[in-house]
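Each of the next two complexes has subunit A plus one more chain, namely subunit B in the first and subunit C in the second.
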Partner chain A sequence: MKSLFFTQPFFQKNGKSVALFFLVAIVFWFIFLVIIPQLYMLDLSFRANIPPLERGGPKDFYTLEHYRHFVFGSKTSADAYNFVDLGVFGRTIIVSIFVTIANLAFCYPIAFYIAKIATPSTARLLIVSLIIPFWINELLRSFALRILFANEGVINNVLTGIGILDQGILFITYDVGLYTGLIYAYILLMMFPLYNAIESLDVNQIEAAKDLGSSTFRTHWRVVIPHAKPGIVSGCTMVFMLTVGALATPVVLSSPNTLWFPQLIYQWFNLNDNWSRGSAYSIILLIVSVVFVLTMMRIFKVRIGEIIR
Partner chain B sequence: MRSSNTMNFLMGIYILVFFTYLFGPLIIMSFTAFNSAEFPAITPWECFSFRWFNEGKIAYDGQHLAGLFTDWRLHDGLISSLIIGAGVVCLSVPIGMAAAIVLTQVKSQLRDIYYSISIMPVLFPGVIIGISTVVLWDRIAGLGGGGFISDVGRNGIFLTILAQTCFISTYCFLIFVARLQRFDQTQEEAALDLGATQTQVFFKILIPYLAPAIASAAVIAFLASFENYNTTVFSILSDQTLTTVIASKVRLGISPALSALALTIIALTVIAAVTYEVLRRRQERKYIESQEEFVKEKAASSRVNKEYKARLKIPKGIVALILLVIIGSYVATQVVKNDLYGNSCIEAADIIKKSKFLDQLQTLESNQLSDEDLQGGSLGGNQDYGDIFGDPTLFQDFGGFD
Partner chain C sequence: MSAGVELKDVSVTFGSFFAAKNVNVKIEGGEFFSFLGPSGCGKTTLLRAISGFQDPSEGQVLIDNKDMLGIGPNKRPTSLIFQNLALFPLMTVAENIAFSLEVRGVSKPERMKRAGELLELIALEGQGDKKVHQLSGGQKQRVAIARALAVEPKVLLLDEPLSALDLKLRQRMRTELREIQKRVNITFIYITHDQGEALTMSDRIAVMNEGELEQIGQCDDVYNNPLTPFVATFVGENNPLFGKIKDLSGDEAKIETSDGVFISSIDKSTNLNVGDEAISFVRPESLFMVKDGNDYKNKLSVKIENIEFEGNVKNFYASLYSGSKIKFSVANAIDTSEIEASSQIELCFDTSKSIILPKGALATE
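On to the complex of A and B.
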């Protein structure tokens, strides 16, 4: 093991007690906290939903029932497919993609401004003020938007008060609040990778492009964006993953008749007490996340180390 | 360069809009904390009041809306959040540190795989980490029978610490990796040459070098744990943390006490950020001054050694603070003068709301029948029917239900 994994003999290098501490900590983390729980959840997702007492009994067999339910619905339903769950799933993914794109579009000008145009003191002020909202709990940030968008909320009251509207707009019912909240929730995770990537670009390159007669748009397209690619990929991956897996924002802001996919998992798990099905749906969510990361890595040819820093 | 000017102008507007989007909702929410109305709103504005920070409100319909400091559920949640945060810091900082140090010792072929495993938990959706921890420990608790293990396996706080440690360790790991990249290996070698043991090197060289990273990792770990919801909501089981209490409150109907809570957190954050910024600037200024001193000492010629006039400098911060106090006290006196603050105002607002009920009650009471009407009159009265239950002959022939 000494020469297999490490550049130097591990126990000699670190001293016995410290090396032991390292090993225990890492094994505990990797095996106990990361790998075994995921594997057990995978196992559970293929099992029938039975009460704990019947475990190991005749009813405890492997089944694809939960995945089948996700695609085709319950055996008693008349529909060919499980339109409700598939709809929730598809909507979650499509909205997440749009949220990611919107975040990128909103953040790029600001990141470029802070990194390249602003004076150092302005830049620092802007960065500090960017961070402040994100120390506040995601739930409370969503709550702030809820106050604005509620049917008797600030926006509706002001608009009807001025006389622009006769009746309030149902922001929450039409999920305007949810989309705004999702964009709001993770905007910082797009901003910082972008900022770091653009910041490392040499200003001379931009000026050289300008001197050679390139337009502003072309300079960005051909010089800045290619350089910032790892940052863009990193930001997009983080935002997409967090948006797909978001639970706090939908809990506060989604309309009563629509669900976000993690809410569906929550329902199976906590309200319907069907842990196996909750696990199966979680595995589906996990697969989507992993596939997304791999696709991003493949398309943009970046390594995983560049995505998360 | 007119185009550049318009570009700058547009950029300025965009930045303004962007930061309005970031701060607008928070500012409006902060204001709603001071409105005495039961629903967090700016309009209609009832009274300026601190009731949502203190006692909340016992409404005239008997409904009790707790304020921030009287809500025992928030208190319990806060306490368990603090316990969990401390536990997560104790576990994830050592784990992150160990993993980061070992990363520097792993062979280069294996480094990518090792690194990928280390950062994987961040890529898992939070709900999945929570669920997987719960299902595993439920199984372990089931196998453990009725003893200690089953108690531990069904303890929400313990499970939450484990589940959060799973991904917060990665945050710590990344912080330590960043710090270790700048570590000078020759320090270790020097210590070894001077006869230190490996263990001494670890405690005397590496730990002091990593101390700033340990501090920032601990802060980040605590904050990440404190505000986590997605994982916690599953792993906490029947207990409550601050975030799950907030979530259930929001779901049941929103109350201005939450605005008060958010405002408290915002205030703490802003104070922390400002303090940090001020300290940093002071340090920077000291550094620049020491550099100037150094130049002055070294430069014999008076060309560099400029004279520094003593000027009276009033820091901008203090000016802003004084202005803020003046404006604040003016607004406060106006508010009190116009009876927009305090119990009298709230009572007045309640009376207005009650009066609507009182009006309806009065119309109901005004419809009461007079004695004359009961005796007969236009409605016929109730005497025509007599006292049928006093008549013993009425049910004489009634044979009962067969």
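On to the complex of A and C.
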């Protein structure tokens, strides 16, 4: 953003009117589509849940009830804490962390291969074959995975068909389908920052390390990964944010007895018609995600400028 | 400890293109050996074959009389200094230098001690904690050398390491490199397109053109007795006089050109016969002006076109009767003030200071 607002070249290159249009468009986009809805939700999350008609009436007051509910549960419940919602929340965060790590582990070798080993034509082919599946929308991709992983699905049918297994594996019940789907869903958002970061590394650096006696593992650990760190953090934060907030994939691939936190939010908004509580839950998710990302940047000593670059 | 390096019939091909072709050379242990050739002639490729980054398509690379086939770059007793140095920008100077020890599992205190010693060798004591980008060009250069030496290689390979430096620094680094080589007493294999660098530092040089070695020898020998027209024109400057052999006698030959008949020296190995097309080469510094040239065998009458003052010498660019161009240089100590553009003068050269070679491609630069 900063470079767009404060550099003269953008104005000079595109002419004043075009530049002004972009500037205004971006400011509008930011204010109307990002800031105002979020502020509205923030406000809503502190209000009692009442029908729109009663707004401003005696029942309209500020309250911490929705946040309290998230931690302690319904006032009529016997439990000391809201174990169900906290459980869903904790599981969502922890699984998302693992999904992010798995995504990184999966993408790093591929990104390295494309950036530094493959010939240009192979690299192009690989990039295209990574992108094409994403022309299909997320929901359909999730259903495709469901077809693969269902109890009577393709994988189980093949495995039992050729006699490797007597009985199908319960992929959906054990959430294997969900984890696979979540990893797969945001793979490009990991791949591209990683690829960009690794691509900019001088091959001589890798060869120099090797020439000095370094093993492949150590070359990656000491030379490639430190160089790619901004890309790694950038990819991880994006994947984590989106995984934690995923809805379509969990709806299709979750086992019937587990919930993903955004599903909970969806329920408050749409099924229970409690927008205030839905807002509170959204805000909680947002805050935890942002804290997570900032912590990550702190740990890896990466500044926000490096990530955007 | 130093080791000899031998290349036996080494060829490197990329597709059908020969980047190196039938290279044969034996480099002695402890020698400062340079490959000299124009950019794109295959020098880096050859160095990569020695360091193990490039497998030769044919032939053998022997280091210390051991065939290196199948031995990776991290297992060879060589260390490579890259054209762009390839220092690790995210590590400190000391970490860079000690990297090879780190990967060998040497303890940190010991590593840092060794890095300290090497920093002393390159006259950068106490600067180990700096980041690479805080160093000047010459200092980076020296850190790259120290990093390569930390492994205690038997052979140090240098890929045009001075090309990024400015002239003064480059000249100082030449002396410094030579001194470091003498101190550590290992084999240095140096590649460069700069003949000045090669001639000042090396014990021996190999002149390379389009993937092939044209001549191997001691610097003065290659300069004084080039074996091919390419070497004659690439190593130092040379004026070609094209013609046909008219007469051969011992180590002299008579060549007839459109600007006269000259007697030049000839090497027996050149196998020229009377009637063959040939070139006589005369260096700019071997041409001298005469007032009345009747007493001399090799006379050229030229018209001055351009004069260039270089400091220690004055360069004159002139055209011959046939239209071909010739360059000659006169030491500044000699008074040449009466010669100006379009003066008509006579030049001469000694038979022993010119050399006849079979017709062939010249260096184009």
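We take it that the second predicted complex is superposed on the first by the 279 of 309 C-alpha atoms of A that agree within 3 Å, B and C clash if a C-alpha of one lies under 4 Å from a C-alpha of the other, contacts with A are read in each partner's own complex, and residues count from 1 in each chain.
The rule is short, and it goes like this: contacts are C-beta pairs under 8 Å (C-beta built on N, C-alpha and C of every residue); 3 or more make two chains touch, one makes a residue touch a chain.
What you see is a predicted model, and the numbers here were worked out from it, not measured in a lab.
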Contacts of A:K301 with subunit B and subunit C, given as first, second, both or neither: neither
Touching partner for A:V244 - first (subunit B), second (subunit C), both, neither: first
First, second, both or neither for A:Y184, with subunit B first and subunit C second: first
Touched partner set for A:A209, first subunit B, second subunit C, both or neither: second
Subunit B versus subunit C as contact partner of A:V223, first or second or both or neither: second
First, second, both or neither for A:I36, with subunit B first and subunit C second: first
Larger contact residue set on subunit A - subunit B or subunit C: B
Contact residues of subunit A, present in both the subunit B and the subunit C interface: none
Residue ranges of subunit A in contact with subunit B within the complex: 5-8, 10, 12-18, 21-22, 25-26, 28-30, 33-34, 36-38, 40-41, 44, 52, 55, 106, 109-110, 113, 117, 124, 126, 128-133, 135-148, 150, 152-154, 157-158, 161, 184, 187, 216, 241-242, 244-248, 251-252, 262, 265-266, 269-270, 275, 278-279, 282, 285-286, 289-290, 293, 303-305, 308-309
Subunit A partner contacts - residues on subunit C that touch it in the complex: 51, 53, 72-75, 78-80, 82-84, 86-88, 90-91, 99-100, 102-104, 147-148, 150-151
Of subunit B, residues touching subunit A in the complex: 7, 11, 14-15, 18-19, 21-26, 28-29, 32, 39-44, 94-95, 98-99, 101-102, 105-108, 110, 112, 115-117, 119-129, 131-133, 135-136, 138-139, 142, 162-163, 165-166, 169, 174, 178, 197-199, 201-202, 223, 227, 229-230, 233-234, 243, 246-247, 250-251, 254, 258-259, 261-262, 265-266, 269-270, 272-273, 277
Subunit A - residues contacting subunit C, complex: 202, 204-205, 207-215, 218, 222-223, 226-227
